[in-house]
Amino acid sequence: MSFMDILALIIPAAIVSAAPLIFTALGGVFSERSGVVNIGLEGLMLFGAFTGAVTIYYGEQFGLAGAAPWVSFVVAMIVGALFASIHAVASISLKADQVVSGVAINFLAAGLAIFLTKKIFNAGQTPVISQRISKSDIPFLSDIPVIGKLFFSNAYLTSYLAVFVALIVWYVLYKTPFGLRLRSVGEHPMAADTMGINVKKMRYVGVLLSGALAGLGGAVYVASISGNFTHSTITGQGFMALAAMIFGKWHPLGALGAALFFGLAQAISISGAQIPGLQDIPKVFLLIAPYVLTILALAGLVGRADAPKALGTPYEKGKR
Amino acid sequence: GCGSSDDGKSSGGGEKKDFKVAMVTDTGGVDDKSFNQSAWEGLTKFGKDNSLEESKGYKYLQSTAQSDYKPNLNSLIRQKYDVVFGIGFLMGTDVETVAKQQPDAKLAIVDMVVKGDNVANITFSEHEGSFLVGLVAGMQSKTNKVGFVGGVNSELIKKFENGFKAGVLTANPKAEVMVQYAEDFNKAEKGQQIANTFYQQGADVIYHAAGGTGMGVFTEAKNRKKNGENVWVIGVDRDQHEEGMPENVTLTSMVKRVDQAVYEVSEQAMNGKFPGGKIVEFGLKEDGVGIAPTQENVEEKSLQSVEDFKKKIIAGEVKVPKTDAEFEEFKKSLK
Amino acid sequence: MEYVIDMRNIRKEFPGIVANDNITLQVKKGEIHALLGENGAGKSTLMNVLFGLYEPEQGEIFVKGNKVVNNDPNIANSLGIGMVHQHFMLVDKFTVTENIILGKEPTKGGKVDLQTAAKEVQALSDQYGLRVDPNAKIEDISVGMQQRVEILKTLYRGADILIFDEPTAVLTPQEIVELIQIMKKLVSEGKSIILITHKLKEIMEVCDRCTVIRRGRGVGTVDVSDSNPDSLAAMMVGREVNFKVEKIDADPKEAVLKIKDLVVHDSRKVPAVNGLNLTVHAGEIVGIAGVDGNGQSELLEAITGLHKVHEGSIHLRDKEITNKSPRSVTENGLSHIPQDRHKHGLVLDFSVGENMVLQTYYQKPYSKSGILSFKPIFDKAKKLIEEYDVRTPDAYTPARALSGGNQQKAIIAREVDRDPDFLIAAQPTRGLDVGAIEFIHSKLIEQRDNGKAVLLVSFELDEIINVSDRIAVMYEGKIVAIVNPKETTEQELGLLMAGGKRGTVHAE
Amino acid sequence: MQNNTNKMKFLVPLISVFLGLLIGGIIMLISGYPPIEAYAALFEGIFGGSYYMGETIRQMSPLILSGLAVAFAFRTGLFNIGVEGQLLVGWLAAVYVGIFVDAPAIIHIPLAILAAGVAGALWGSVPGILKARFKVHEVITTIMMNYIALYSTNEIIRNFMLAPGERTENVKESASLASPFLQELTDNSTLHYGIIVAIVAAVIMWFLLWRTTLGYELRAVGFNQHASQYAGINVSKNIVLSMAISGAFAGIAGSMEGLGTYQYMTINAGFTGVGFDGIAVALLGANSAIGVILGAALFGGLKIGALNMQAMAGVPTELVGIVIALIIFFVACSYLVHWLMNRVNRGGKI
């Protein structure tokens, strides 16, 4: 295999597997930037995957055909936001410990999704969907020499959507009044309050958006990768998204980069088994490579990341 | 021969109504589209055929963790089920322990051999079935490159791999077989990436023995088929034709008739012929493994070859390799 | 007479305490009205009620003659009330402009229009002489500039009634002079100001009237021109307060701390301390005077082992402590009252008792072979609480629940009680009321009289002049002059601190 | 008032459990399962006889230890999501010593447990060192270390310790925590002596944290690193130590599986989940030693009971997952009630 072939193998694969992580990590950015820890990303993503699979399946039945996955994305976002509202009520209004509430979200999502699957399909998993997002070359762009083959060929539309959403999130957070306010609430809620910003409302918005995006991440996973929902469809991707968010220093583009980095490391580790030169490395080293690389990158390059200052602390008016 | 040591005391043929059978699934769950589901189908058929009532006369318990196996086995024995099946080799040790502690109980274990006079060991010759689908792959590959995606590298999955490789090479000595294990039965994205790598390198048929990870193999194949590439997947355990639709990427599947095995052992037990302490092997001869009934994508000459070799294997003329060592031997014999 | 602010019979309770008990405060238009009281008297609480952060249990508030129900800072903002809080309400990671426009952002096509915003900020800043760098991040600017940002925030919202809660506690003398100019300018433009401060001198200088509260109750309102610092202090504390620090002449003995050619780099790897020499003797208090940011913090951190020394040496008695760990420096006989008591002085979630052994918990009798002995710990704590008059329900109360003044007393009790050869006191009285200040000064002098060496760092020139036996002026990382407090003035010190030469002062 | 606080401490979890079960019951009603029958089966499956009690207690042991691991790190200001990985390496180490060392039980068992603890501690100290040295967020590194542990332990078993059935040999009799006596006592349950280890570990955690100078340092660093540093406490050392101790508890949790429940280690196709359950247990138990034991009892009981609920009433075990989640929620939200009650009470007194 030539070097170009290897790149053409690895880069599209990285982009494909990164998309669900990107969406979910962006959700995490919203929530945590507003000051609410969201360890429940895993659960939200899981419930999004469930919702996605169910919606696509019934969408097919109702003749939505190719539109079914796209409809399911919208539904998964709504359901994800609703599910996240539990976390919001607990941790914002009832001032529950945010980590505890997030852990509860994870348990609840896993239990409820399988319970409902059993109720709906009388089976522990949803049927395999036939309408999926499928890979394609992006017209025109894929014809650009070199770059076209690497970045715009053999890839999912959802992957580009993910990159696009990351840019939007960046714009929203750093260029609009809403973003300024959301971030201020996560840094110094009391200051925001004295400036007339409704701290609770902003945090609710942050958490609901995190639910919507994590739900989208889960649905995209189903529509583009797994094809159905089972008890093991989402096992750890939400935590990887959490890691990507921290790795990316709570910045949307950072999270995007980190998720792509994970995807790349994973693609290298998997395709490495077929790449001359890497082939002879004991398999286990390739298997653990993505995780070791991440740790090395963090220790060597990225270093300290400062969380939003008020992250994890419920806001009470007048408390010092 | 199925003579059993406890012929006398257990339920004879006459007391059909009181006979109860049950099974414990592994963590995959009863509808894993794989051997748990197949086992349950066998048990259900047995129940229906003998007019048993579901969850009284026949039932299953699902395990959500490895540590649930033993409590679940015990629970069924305590409810006086006549035969309790443990599905999957992961349950082997637990079945063995429970059998020792409850000498009066009758247990059966699938995919594993354990000690104990009151345990029936059900195994399959997956390598033989894999050999047949290997023949199909070898003959129908246009590129002379095929792939095998394993779940977790283990003795059991090695049987699939080696049987498959032997079949491919038998049909097509020029063919190259790429092999990779995902080390995970549940990571669709890994399956997809491995398949991507294989297809990208020119493979056009991939056989998976990887559970949920295999779903990713289907995903990748469908994507490529949609874009006009002529690629195939070979399914495993059950007829996975449906998984390949609507793009129709399932070439064929290697089926493993756990249902049949469960049915037969239940029946034997009901008739007082419980094969306790025995190994009951389900191979090609017993119709315990084979290629799937859906054969629309399999060419006539492939089918012919499958039939030929099936006979030869049953007759013992061809010995299909199980392990890496046996495969090396087999390869030499081809030259 | 119409008042712009008329708060009548305000009562505000916190669990277990009545912070404001029937307080009345009336502010006239265009005046600077002082609010005076001991630490914990309820000043901040009253202002937070006015600003809508707290809801009072009882009482009425009239703003510009209209009765208002004010339970939200938004309402306060719309009534033209702005507040500069005691603890700054600034987002560290935001720029000056972003902080000022937060919540009232100019936009262009849905996007925050930072250009316009920065221009507006610049205009305001020019109008009132509030120098700020609109594009600097808060975390990178001085405390004085942060305060100006706070003031700009209120002006940007069009406030004409401004509340300043202890604005001068964190400022250097120069900055205080500037702030006073600014306040005068603001009232000359028709705005009204409520000023909270513990510094009676400031009240005398700028305020028109003064309302005094004591333990949550109003004591009364006086015209400043009819009063003097002594009478105000007496009103506030309920007894006579001694402002002049009483002390006999120092009797310095052998050198305890010897610093030679010290170079310390700051976080940006630039020398913050640059070839500094200093000796402190047993039985004397050396005061370090200097404008904030001239290397004081780095100097103290280098001595205490918290910051790496680049060049030079530090000796404590005969031991070299250069680049030794904080623990080993402490064990060599150093005590340190840190500048930031919340961040560095206390573990706020520990009980007062546990905080009392923060450096000694591993020594006998507080622990034996790695096992803590609680009886000696809490016995000690109770003794210290008694001796230093730390007002706390008991030794088991978390330090967080104490007022700032009492937290400071607890730290001083702990540090002094270790009986160090050498005591560092950094801003020991910042934000404290006159009673507490008096107490702390007397403790420092007591140490000196017991033959200890004391190094006092303070931005309060009063304090430096009154308490020190020698004053070392620090400028750009060096000691540029050593002066005798009896022979100097605040003016002279101020000039030296700004980098002026001694001779020039005398020449004038 | 003191009484009242104690009462609240008791009441809050009790009410939470009640509410969790209540809503679980409503869900069953809506979805057509018989709640009364299901709950009868659930409780029967927890308390109904020595067998069930034995299983419940057996299930508790690793949960207590993984809960302690999470709680200990929490107490010192660190979030250890890496219990799962530390548990796996501990499991492997215990089994390794159990198989390859020859010694009388009195030495062999403690040695194997020690090995598990040391392995877990080493694994846990990696994120600790990275945090202390490079300020890398421990949440990311512990997640990554989980995967590394999973694949590495599998590989080691596959290459050096493989026995039929994708697992290792059984540990020697002399290293086994299993007890025929306990099994007989509990009607052939899997109960083993691990519970004693777990309870001793809980006592150790309490003692370490609240009665030793080390614990004092760890808590101080957890609350305020700056002040600790000013007071001469070595912050980096304490971060590493805290993660190591936390990892040691997790590693010993692995030995519960390796020496007690299973006597061997399998090639794991995925995570055991015990490490993640530990987070819930720690949080249910408010990160205190006694709370963790009670949390593990609740969690373990419900999980074991769920099996019987499935067996007897046909209700999917996931329902219990939902109930557990609800209980965690109510406990979380009732901190507010708790806090309010405290304030009110204090107010009343002063």
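Per-chain numbering from 1; labels A, B, C and D assigned in written order.
Convention: contacts are C-beta pairs under 8 Å (C-beta built on N, C-alpha and C of every residue); 3 or more make two chains touch, one makes a residue touch a chain.
Just so we're clear, the structure is a prediction, and the values are computed from it rather than from any experiment.
Taken together, chain A and chain C share the touching chains D. The most distant chain from chain B, with centres taken as the mean of CA atoms, is C.
The count of contacting C-beta pairs peaks for the chain pair A-D.
Averaged C-alpha coordinates put the centre of chain B at 76 Å from the centre of chain C. Averaged C-alpha coordinates put the centre of chain A at 35 Å from the centre of chain B. Our note on geometry: chain A versus chain D, Cα centroid distance of 28 Å, whole angstroms. We define each chain's centre as the mean of its Cα atoms; on that basis chain C and chain D are separated by 46 Å. In chain D, the residues that touch at least two other chains are 151, 154, 270, 316.
Each of the following residues of chain B touches two or more other chains: 62, 64, 183, 185-186.
Chain A has residues 232, 235, 283, 287 in contact with two or more other chains.
Of all possible chain pairs, those that touch are A-B, A-C, A-D, B-D, C-D. Touching chain C in their complex are the following residues of chain D: 211-217, 219-220, 223-224, 226-234, 343-344, 346-347, 349-350. By the touch rule above, chain A contacts chain B in their complex via residues 1, 5, 8-9, 12-13, 16-17, 123-125, 128, 130, 132, 134-137, 154, 221, 224-228, 230-233, 235, 266-267, 270-271, 273-274, 283, 287. Interface of chain C with chain A (complex): residues 48, 51, 53-54, 72-74, 77, 83, 85, 87, 89-94, 98-99, 102-105, 107, 110-112, 153. Within the complex formed with chain D, the chain A residues making contact are 86, 90-91, 94-97, 99-101, 103-108, 110-112, 114-115, 118-119, 232, 235-236, 239-240, 242-243, 246-247, 282-284, 287-288, 290-292, 294-295, 298-300, 302-305, 307. Every residue of chain B that touches chain A in the complex is listed here, in rising order: 29-33, 62, 64, 178, 180-183, 185-190, 192-194, 196-198, 200-201, 212, 215-216, 218-219, 222-224, 226-227, 242-243, 245-246.
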